[in-house]
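What follows is subunit A paired twice: with subunit B in the first complex and subunit C in the second.
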Partner chain A sequence: MTAAIAPGPTAQAILRRRRARAGWLVLVLLALAGAAVLSVALGTRDVGWSAILAGVRGGTDTIAEAVVAVRVPRTVLAALAGAALGLAGAVMQGVTRNPLADPGILGINAGAAMAVVIGIAWFGMVRLEAFLWTAILGAGLAAGFVYAVGTMGRGGATPLKLALAGAATAIAASSFTVAIILPRNDIAGGVRSWQVGGVGGATWEAILPCLPLLAAGFVLCLISARSLNLLALGDEAAAGLGARVAWARASAALGAVMLCGATTAICGPIGFVGLVVPHLCRLLIGVDHRWLLPFSALAGAILLILADVLGRIVARPSEMDVGIVTAFLGAPVFIWIVRKRRVRDL
Partner chain B sequence: MHAAPDSLATRVAVLRRRRARGRTRAAGGMLLLLLAGLALTLSLGQSFTPPGDVLRVLAGVEVPGASFTVGALRLPRAVLSILAGMSFGLGGVVFQTMFRNPLASPDIIGISAGASAAAVFAIVLLGWSGTTVSVLAVAAGLGVAAAIYLLSWRNGVAGARLILVGIGIAAMLESVIAYVLLRAPAWSLQDALRWLTGSVNGATLEQALPVLLSLALFGGLLLALRGSAELMRLGDDTAAALGVPLARDRALIVLAAVGLIAVATAVTGPIAFVAFLSGPIALRITGPGRAPLVPAALTGALLVLVADYAGQHLLPGRYPVGIVTGALGAPYLIYLIIRTNRTGGRP
Partner chain C sequence: MTILSAAALQAGYGDRTILRGLDFTVPPGRITAIVGANACGKSTLLRCLARLLRPEAGEVQLDGRALNRFGARDLARRLGLLPQSPIAPDGITVADLVSHGRHPHQGLLSRWSPEDDRAVARALEATGMADLAERDIDALSGGQRQRAWIAMALAQETGILLLDEPTTFLDISHQVEVLDLLVDLNRSRGTTIVMVLHDLNLAARYADHLVAMLDGRISASGSPEAVLTEAMVEEVFGLKSLVIPDPTSGKPMMLPLGRHGMRREVAE
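After this line comes the complex of A and B, so read on.
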């Protein structure tokens, strides 16, 4: 935290850091391209390079080409969802000044999922646009509730309280979700496969309506970078430096909620991406949110694409949903973060 | 020199006797409530069976109609509810007492999830049934308990770290359960719900048998060790100074508590929050003092019995017991967090 504001890094040091960050940026972009290529090339069915090229151009003449044509939107969705979750996680960790903030841990994905299920069951929703708005509403309500419970009283939002409030909210929301699905066998099957987050059934038709919302969420989050840097100094210091604390927090949180809600509406709840990615990025490029936020988005995209590829490879001939893979990758990181901190800070 | 009639020692002794009497009375009252609940669930379901018929069925007399509804449907269900509830309540309160934290209950720190994941893996993918499932569930529960303990060890185990590590492990194990359920060849929502939230649907007396045995074995072990458990609450150093073989007794206590939770979970699934709720409710009823082992077991049994009855007959639609207890437990957890905030960090 102090590195970014400590007085007197010389001009040379700043230049060196910039160069290092630019180097990491190039590397991350290359890794993203590599992950995308892997995601199109690898899967349950082996395909040749000629089929891959034809499939990417839209050819569906052979089975191999058709397989590739399906993998392309899937890869795009994984990239979008990963970027959204990674960015949302970084913003939430900044807004709550809390290392364990993650849309999954804080129960926000569960809230979005419950809202969508309510919409399907009680209001007969079928259109994807309706799913999106409902999911964002549910995510927002859950986020507000968890934050309110976690910060109530003295001591503010410690990681333990926020995580517990999130866990309680997630359990209540999923109990309620199951109670709604249970008497309705007609929607149960669809909801069940959606409750484990996955990007398997991606189509362009499903991706396109989300783009405006995702774009708005990305913009809201990215422009909050400067105020998040100020918030990291504490509310009083941030206010003294001219930040409108409540406003900055609310707009950044709104952006994160839009990203989580939209992602949950398309993919179902995917946990731990928002937790892991910002921590890794902080190790690479430091705590300046102006760099951390875009890096978290890119790294989130890479992580989710690779997790999806991994899920296709490990469980051949079937597939493992990406939400399960991220839980397995993310939970150890979560534990590592918990172990690293002093008990007093929990 | 002899002590005055109202010396401190006498006053403490009187208070202790009064407390002990109060505890016995509370436990007796809960036992009566439990019996009343049992009578209610046996005689009143979709249809009413007169108490006389219920008693005759219990005595083994063939009563047309009632023999099926009471003997084959209601009785196994009620018995399993009570036994599982006792196991969860007892196992939960032991964990909460040992870590001196109501949040360190096995269903929050992932031990129930571990047992459930092992059971669902054995049943769905390996096709096992009966005792082998229970054994695997106990082994998995112990493994998870050991993993959480080791992972949260850093110059000693702190409650907050243990709980957070447990939440992380639980998230991982829940995705294992979800994965196994998605792989299940013939997928039924009822079966899935058992492993996600816990349910006593379709209970049989054969299923209840392993739970009864584990309750007798592990529950008896816990009651036998309750003296050293009490002393451990004073802190490790004090307990060791008072002659408690710490390592041995703690290992036995953990084994027994995990065994209770895991065997019950292998049959009913992780009935949400019963382990977490029973101890604090029992403590509220019996008042402060010794760890309320027996009252917590009775509270757990009553919770599962009543919640299952409510899910079957009182709510619109039929819900498995875990949904009802989950809906009850979450607000309590939130209340506990808020109260923790007000008391400045001490739960």
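After this line comes the complex of A and C, so read on.
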């Protein structure tokens, strides 16, 4: 066969597509670098380039340098949280085969938030490590509950039933959270600003304890790329191709839950990043999860950094929390997806 | 040659048992069609043979080894499956879809190999999809799409191929196109084929071996001539019929008798 000498048609197509995707990868990395520079340079206070350079190196001699020094961990947190949410969204859309799957829509973030608020209100929780584990527990319970409810009845966990169960759970958890906070004036203010979702208060001390969890979540999600490619063909076809369907789904979902829980614990629930980012990435590089997952993480980081910068600029001299900005950006995209997609996917 | 067999198989969904003690050996190297009325258990049997459904009792064996003792990839290298309604992700090309068939042959970290490339090229060639390899699945006709899925199962290069109603949702010309293709594969590669089919006459024409199921049991099995009889149709489908030799193939052909539209001498 001639295929033994020259690369076959499939190999050629793979090479061609790999080159196009590598080009996009370079662009996305450049955009990430650009967004990070903007995030350090722009804010409610104008600073000069000398102050930026000094501040990035940790200098705090002038107010301008100190401002920059605060913006650095803030930028890192926005990048980490955005990457985590973008990746978690892509994984959830793959696991549930549901184009509307998103940590917000499936009730995962609301579950994590409810667990944290319960911890603060009833158990006097103050330490960030406690927030972290409580949030992951809440996210996991919400995910398990939504999946269990979505699986009940004929046909198993169809995308439609999952979305409905998730929406109901999200509303129930949010209402319950409000009910807990309302009579508690002592904690209401702090909890409410955390609930909107922000990266403004970022410090290295807050970021460090999350890193191991985030790292584990990233690894679990990224190694599930191949299984997600098979699951996209339907459970039966995936099983026929040698995927361990239940196992693959559970481990990918666990990774996504860890990412959502850790992010929610530090930043509060941030919506729409997990929904919007994977769809934009699919337009760029297609449906292969081996590319889609890393791209969603990078694009999520870019989006959240830019949303944070925008929030600092539009509301000068005050700031707008990043959760509000992503909601403004995300809502139109949400509507676009619903209108574009045929009902077949639901 | 690989032997797939079921012994004392009992299976169902929840507390509804559908297969009740069924014994069945797939004739190796042949084309087997499973027919029967709705809810007779033919898809359930296929799902058990493909290990999609865990039997309540009894077991399925592949070459004398229990099916549940195979690893997922190991089994997928021996046994291919085309479900009734697989999902094509938006924007996936034929070549992408077919290359998924190589998954069980790839290690966790191994890259696309020349052997993978050759297998995909052979599968595209065999199904006549080589010229459409770069097309989106969405842009294909129903018959072409089904050929793309069959090409994916072929790239898997298994000795046995199980198909759940591969011709459903296709119009008649595409049904014939798909079944002709399956015969080509069986003759050229020796692939053992087991398929669930709705159309009795197409089943009798294309299968070497016909299995008629009734209430979770095998009611008749053997050559189409032995199985497709007026008595079998009455027993399995509760339908009076006339079975005559198909003038085009010589295989038996079933003509249903209804209450209306019959010529007087037939009705009497």
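Quick note on the criterion: the second predicted complex is superposed on the first by the 320 of 346 C-alpha atoms of A that agree within 3 Å, B and C clash if a C-alpha of one lies under 4 Å from a C-alpha of the other, contacts with A are read in each partner's own complex, and residues count from 1 in each chain.
One rule holds for everything that comes next: contacts are C-beta pairs under 8 Å (C-beta built on N, C-alpha and C of every residue); 3 or more make two chains touch, one makes a residue touch a chain.
It should be emphasised that the depicted structure is a prediction, and the values quoted were computed from it without experimental measurement.
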Using the superposition on chain A described above, determine whether A:V149 touches subunit B (first), subunit C (second), both, or neither.
first
Tell me the contact category for A:R339 with respect to subunit B and subunit C: first, second, both or neither.
first
Who does A:W133 touch here: subunit B (first), subunit C (second), both, or neither?
neither
Applying the document's definition of touch, where does A:P183 land relative to subunit B and subunit C: first, second, both, or neither?
first
Per the contact definition in the header, classify A:A239: touching subunit B only (first), subunit C only (second), both, or neither.
second
In the superposed arrangement, does A:W24 touch subunit B (first), subunit C (second), both or neither?
neither
Spell out the residues on subunit A that touch subunit B in their complex, using ranges where they run on.
100, 104-105, 149-150, 152-155, 159-161, 163-165, 167-169, 171-172, 174-176, 178-179, 181-183, 185, 188, 192-193, 195-196, 271-272, 318, 320-321, 323-324, 327-328, 330-332, 334-335, 338-339, 343, 346
Listed in rising order, the residues of subunit C that touch subunit A in the complex are 50-52, 72-77, 79-83, 85-93, 95-101, 103-104, 112, 114, 116-118, 120-121, 124, 130, 133-134, 153, 156
Flag every residue of subunit B that touches subunit A in the complex, lowest number first.
103, 108, 151-152, 154, 158, 160-161, 163-165, 167-169, 171-172, 174-176, 178-179, 182-183, 187, 189, 192-193, 196-197, 272-273, 317-320, 322-323, 326-327, 329-331, 333-334, 337-338, 340-342, 344-345
Give the list of subunit A residues in touch with subunit C in this complex.
1, 3-4, 7-11, 13-14, 97, 226, 229-230, 232-234, 236-237, 239-244, 282, 286-288
